[in-house]
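Before anything else, here's the structure in question.
So that you can tell them apart, the chains are marked A, B, C and D in the order they are listed, and the count of residues begins at 1 in each.
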Amino acid sequence: MYILFIILSIVISLSIFLFKKKNVTTILSIVFLASLVIISSYAYLNINKTDNIFFKYDSLGVLLSFVLTILSIATFYFSRNYLKKIDYHSRNVPVYYAALIMLITALMTAYFSNNIAVLWVSIEATSLFVTILIFFERSKVAPEASWKYLFVSSIGIALAFIGILLLSIAGSNDGVTDLSFDTLRNVVGNIDTLWLKISVLLIITGFSVKLSVFPLYTVAVDAKTIAPSPINALMSTVLVNAGFVAIFRTFTVIAHTEIIAWTQNVLFVVGLSSIFIVSIQLFRVKRLKRTFAFSTMEHMGIVALGLAVGGIGYYAVILHIVLHSFVKAGLFYQINRIHTTFKSKWIDDFSGYFKINPLGGITMLVGFISVTAIPPSGLFVSEFLIFKALFLGHRYLIAIVAFILLTVIIYILGKIFLGILYGNVPDKIETYKPNYLEHFLQLSFFGLVIYLVINPPAFFVDLINNAISILN
Amino acid sequence: MISLLLILVSALFFVGIITKIKAKIAARKMPSILQPIYDVIRLFKKGAIYSSTTSLIFKIAPIVYFSSVLLAVFFIPFGGEAGLLSFHGDFVFFAYLLAIGKFMMIIAAMDTGSGFEGMGANREALYSMLVEPAFFILTASVALFTNNISFHELFAHFHIGSNLSYAISIASIYVLVYIAMVENSRMPVDDPKTHLELTMVHEVMVLDNSGFDLALIHIATWLKFAIYGSLISDFIIKSTWNLYEQIAVYLGVQIAFACLVGILEAFNARNKMNKNPQWIIVLSALAVVVFLTTLIITQKIILN
Amino acid sequence: MTYLFIIIYAISLIYFAFEERAKKFVWLLVIQGLILFGMAFFSLKEIEFFDFIFILTETVVVKSIVVPWFLNRVRRHNGLKRVYEPSMPIFYSVIIVMLGLIISFVLSNTILDNKLHTQFFTVAFASIIYGLYFIIIHKNIFSHVVGYLIIENGIFMLSLAVGSTIPLLINLAVLLDVVMGILVLGIFMNRVGDTFQTDEVNQLTELKD
Amino acid sequence: MTIIILQIIIILTIVLFILPKQHQNNISLLLQLGIIGITSFWAIKAFTTSNILEFPFINLLGHSVSIKIDKLSAFFIFVINLTSLTGLIYAKGYLKPYLQKKNATEIAFHYFNFLWLHISMLLVVMIRDALAFLIVWEIMSLVSFFLVIFESEKKETVKIGLKYLIQMHIGVVFLMIAFIIACVQTGAAFSFDGLSIYFASHNPFPIFLLFFIGFGIKAGFIPLHSWLPHAHPAAPSHVSGVMSGVMIKMGIYGILRVLSYIHEDLFGIGVFILVISLVSGIIGVSLAIVQHDVKKLLAYHSIENIGIIGIGIGLGVIGLAENMPVLAVLGFGGGILHILNHSLFKSLLFYTAGSVYKQTHTRNIEQLGGLIKKMPKTALFFLLGALAISGLPPFNGFVSEFLIYSGMFKSLHAGSLLTDIVLLFSFSGLAIIGGLAIFCFTKVFSIVFLGTGRSDKTKNVTEVEPVMIIPDFIIGFFILLIGMGSFLIVQPLMNVVAIFTENASILSEMTSVLNKISLSSGIFILIIGIIWLLRAWQQKRHQVLENSTWGCGYTGANPALHQYTATSYADNFVQLSSKVTNVKKEFQEFDVDEIFPKERSFETHSSDVFEDNLVTKPTNETISFLEKIAVFQTGKIQDYLLYALVFVIVISLLTYFNLL
């Protein structure tokens, strides 16, 4: 079944790429979205079933696939608005759509892959297609960004691959050669812990490029600065989630070995240093998108902390991942509007947005509240749970430091957001007639984030609980 | 009731006595002891001039001031007998009552928009602010001593039991005299007889008052004196004495107080203006000493 | 027999440290590709036909023919003769690569795992670490790609080390890695060359706010 | 049933955004009345019934959060409702000039936030579940932040707003930590009620300290106050009125709520609160005296009054600790009553000050003067507020202070030596605060409203429109009611105090005293009336003239020239308090040969010692430091990979040395 989906999407993207016809593109994209909905709901229906040994519809995958589906639909919609201004053929828009579809497919594969090698391959694929999309705007810095992203992420992936190889040493034990997570879980116990540690270290380092946390966060940030906003919306949400899936699955593999404590400490280092770097780098930021790229990094740092401390942290982490996806997506869609309104990408050029576009202003405000995890934002709850977990785990110092750094981050973000929203309207900015559907979509994302914590639907909670059930 | 009458009576002559004493010491020909009364009567016979700058505040202030002082009189007990109004913590009310009078006088002075009165006003405000704690600490030490918190009970139970109370009395009287001087803005804080506005406190505040209002202010001053006089006398009078003794002692104390004020005024020189605050804060310090002695007497501080 | 290849490979690494001409780098890559083929060929017992073909393409065809050819194209396209001075003097680089080799030899000696061909570890580690080091010390995109390829070779050897029965997936992975790396990196190097009219990475530092 | 209506109203607040500007105020007033109706109904029920009202409100993370209303909550509900109502009425007039400047969404957003401030404050006092509490608490801070930056055209305002938001966030972090630690260590339910278990078994002070800091930042205790003197002037006056009137009291509520669960070793806590409060009171009012910005001045007075409330509470706690019921009851009673009183006169003062600002467009009192003739109603209400806040009879401020005083004096005899010393400091402190308050308000009232105008700003000023006076009447009524009929509030007050101590009935003994006070006040007013009539009668029979102020015989220039200014009025105090207020004078000395001096300017600037040394300097230094070390995004791939290498190596080393 899943193979069918892959084949279908490959066919679709190829034909979009080849035909270069607008209506073809439209129809095929709709078909693709439909297939997305079908596959994710199919996955939900036969949850925890494996699909030809390489794929398994486990809870985490299903949950994230829902997120992916929703965001993909939104992204296609916003991409349409985004590409309106661009002449269809000159900028070979088909490439955009083809790459986008392949990216989404790769991501879906990453979520559902039950085999570390498949996971790895699909993540590799994502960086390939993302690079194409980053390059799309062809601005002066586009090649630089895409080059850096591709190169460093290849290195990262290579490192991760070494890690996987070392794991596969365990896999190749007593003849079994498949690297499915279940097998690994069983055999991982009888590897020399030194090897295990090295492999985990390499895997974390390698995938940090996707999770956009320390140490290899840098290129992800650059890429998000350059990529078109709709792509950003995917890069800092579902793509990051793919990185999370990779690390989470590895984590589950070693969850019951004796190196778990060590791994947790490593994750603490990763998380804290990420948050720290964000809290200082944000002072230098001049491009608006970069701000959000860093904010993504901050949230992933928090996620790393939560994953490290465990306990209710696990639940909180997955909740955080999901909520963060919606918030960030909503914000990036809005950013595109800001860029077009002010015809600039630099923070200094933005001011008085509230006056120019009140509805957008409100959206930005709500976004600000949501992204900085100020109540009633749902992220507040997940962050709160993570911190509670930290205290429960007696990681007082880490919690306090994180609190301080987060406060700094909120301060800077606040400064930036308020600068955009208030102050005098710059000259020659025509007040903009809001596209209600856009704002409604964005606001509904933020609303969803609040709703999911105020009154989470049963299946949502169950999915999360199942996803983490393997850990404790 | 008695206390009210007594205070009113003694108020009538108080300032007269002071002037007389001062004149005597200065070896001047002394005016009649009733001279202040004549002045006031003359004022009552006059009309009034109001500054065009002033507003309603200026008109109502003297009345509020006078009424506050008059009402304050009601609280003063006499010997064993309570004042007309007496309840737990009445001295707090008493203090704040005088405060509201001052408040109105101050803003009235500011209402005239005159630089001189501004000076007087802010000095008055500062000094009365500084003197307030002294009064409270003093009363507190008595309250601590007698475990009562109304004027009447304070003094009614003051001298019952040990004569140690006199230790407190003397100290308290000393402080109280000076508080009275400050509250009535006499020497050494303020010289009512000076003719230079820049160095006045109380007098300069009432430069623009005339006629009826001025009369009220004068009377209020007498009453204030009488009030403090009778407070002092309450420190001395034992509630166990019979009424005549009490009245005799009371009047004696009032006269003695008046003379004392006169003598102080005659021999003291007025403080430098910017010396006044520290001089006033000394009163609070003394009051604290009284408080500590009380602590010793009530054996909260045990010494051997 | 394998030891011979390993030694040659080690030497090739040292030469990477020593050389400064882009052309030489390409040739070294060719040699390494051949070495890898040799290693694979001799180390794998009961080798089936399919595997053989696969390894042949992976090593000889891709690593020592397609890639070098491609790199040469790029080199000419960018008119690149002499790699600009690395930020670390060659003298030290050589010493470092020596040290790296020693360490990784010693390290692989410590591994006591009977089902691993630890002899591969010796150079595999060395070449991965050295690849990273190579990238870090060079300012030049071309050398970065070279460094990346060195790492890839190291990884290939690691996958050999895993044992006689290589999971097919790993092969796939390696192949994808190489292809991806070369094609896309190459394309981008051309583009970057066009856009910046130079291949100094230091020119690629607009994004640093 | 009622709860559903409330929820519906809460949701309906969204409607504001689709309304045209003109109707927004009325509609929000309508919604607010609904909220007030329901909550007041609950509050009354809570007061009349002996047990705690409780019913489910919303779900959070699946489990339901319920509203709990005990007498303390009920009391605060009354306070909140009253002030918020007057605030909204006042806003109708105050925001009129802004209607042209701002677009409908902005105005709607403002009213939306105002309503939400009201709602969130109500929820704060009604919710016990810790997580929900933290959320509504932060919502309160957030919406108040949006209210503060209403005049967002000014960069300065936004900056102040941001500072405010950050400090509030720090506060909430402290609260969060406190809650988590308390409930983690005991495994108790994650709510206020869970605290009781913790406090029963642990030394309460550390956790209480965390709570105190968290709530104290909101309440504005010195040295946690630094947001307050900036946020209040920046905000529109109805907002400052509500913020200063009730929102900062939420901090007090929190402290009270926490205290209600502590029963062991309270003495230290009591002394701690008392000391902080005395400092806040005295420093607050001292700083208030030297201000020229009327709203900033009022803001510092809020700090002072928080201090007075704190003194009451601190004494109450000491009373509990030393088991002196009188002190406990009267301390808590006075403190809690002062919460209500302060909310009344402080909002009144802010509204009237706002009216002055609206008409004169300046908050600098040095430019004002003589307004009593131009806006008499406003002036008189300001005077009323001034008298009340100075704690003078027969107004409400006096009653609460009186309760505290009599509590102290009553317990002097019974108290131990230590207690007596503490009391000594308390009542002298309170006396000084009172005196300083008088000093300050004589200054501000006379400079703003009396004398003659000091600049053209006071020319052609008119009285504000009636709608802005209505709130003054409402508040004034309550001020007088509590002032004159203080015996009325004894019963309710007793109910509230009963939460903290079982022998609250002592308050009922105060009834007779309060009756006497009302009587005396009555007589006072009677005497005033009589004498007024007397004078009227006397002056009918003599001529009453009007003439210019006596200027030492010189009548040439306009008196405003040699009229006293705020600076000169405060000068003799400044000399005393120079250590705290450090006022800087800027002027140019006369030259020796300068026979005919040229025109000169004289300025004074005061700065807040605590704010400078505890907040401004450290934060600035940290930020600049962080900016300095932000060098990771070099843009060089080599460096990026180096990070990875370093990371791997470091981790390996750490692992090798067993540090991980």
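Basically, contacts are C-beta pairs under 8 Å (C-beta built on N, C-alpha and C of every residue); 3 or more make two chains touch, one makes a residue touch a chain.
Note that this is a predicted model, so its numbers are computed, not measured.
**Student:** Have a look at C-D versus A-D and report the one with more C-beta pairs in contact.
**Tutor:** When the contacts at A-D and C-D are counted, A-D has more.
**Student:** Report the inter-chain centroid distance for chain A and chain D in whole angstrom, where each centroid is the mean of the CA atoms.
**Tutor:** 44
**Student:** How many Å are there between the centre of chain C and the centre of chain D, using C-alpha atoms for each centre?
**Tutor:** Here chain C and chain D have centroids separated by 70 Å.
**Student:** Quick one: report the Å distance separating chain B from chain C, using the average Cα coordinate of each chain.
**Tutor:** Whole-Å distance between the two chain centres: 101.
**Student:** Measuring centre to centre with CA averages, how many angstrom lie between chain A and chain B?
**Tutor:** 79
**Student:** Which residues of chain C are in contact with two or more other chains?
**Tutor:** 132, 135, 144, 204-207, 209
**Student:** Please set out, as single numbers or ranges, the residues of chain A touching at least two other chains.
**Tutor:** 148, 151, 155, 284
**Student:** Hunt down the residues of chain D that sit against at least two other chains at once, touch-wise.
**Tutor:** 633, 637, 641, 644
**Student:** If we use the touch criterion from the header, which chain pairs count as touching?
**Tutor:** Those chain pairs satisfying the definition are A-C, A-D, B-D, C-D.
**Student:** Which part of chain A faces chain D closely enough to touch in the complex?
**Tutor:** The contact residues of chain A facing chain D are 148, 151-152, 155-156, 159, 197-198, 201-202, 205, 208, 214-216, 218-219, 221, 262, 265-266, 269, 277, 279-284, 354-355, 358-359, 361-362, 365, 369, 374-376, 380-381, 384, 387-388, 391-392, 399-400, 403, 407-408, 410-411, 414-415, 418-419, 421-424, 453-456, 461.
**Student:** Which of the residues in chain B come into contact with chain D in the complex?
**Tutor:** 44-57, 60, 63-64, 66-68, 70-71, 74, 85-90, 92-93, 95-97, 99-100, 102-103, 106-107, 110-119, 121-123, 125-126, 128-130, 132-133, 135-137, 139-140, 143-147, 149, 197, 207-208, 211-213, 216, 274, 277, 284, 288, 291, 295, 298, 300-301
**Student:** Looking at the complex, which residues from chain D come into contact with chain A?
**Tutor:** Its residues touching chain A are 17, 58-62, 103-106, 109, 131, 134-136, 138-139, 142, 146, 149, 152-153, 155, 158, 161-162, 165-166, 169-170, 173, 176-177, 180-181, 184, 623, 626-627, 629-630, 632-633, 637, 640-641, 643-644, 646-648, 651-652, 655, 660.
**Student:** For the complex, which residues does chain C have touching chain D?
**Tutor:** So the residues of chain C touching chain D come out as 87, 132-133, 135-139, 144, 201-202, 204-209.
**Student:** Which residues of chain D touch chain B once you look at their complex with the stated criterion?
**Tutor:** Residues of chain D touching chain B: 369-370, 372-373, 376, 383, 387, 390-393, 398, 401-402, 405-406, 408-410, 412-414, 416-417, 420, 423-424, 427-428, 431-432, 434-436, 438-439, 441-443, 445-447, 450-452, 512-513, 516-517, 519-520, 523-524, 527-528, 531-532, 534-535, 538-539, 542-552, 559-560, 562-564, 568-573, 575-576.
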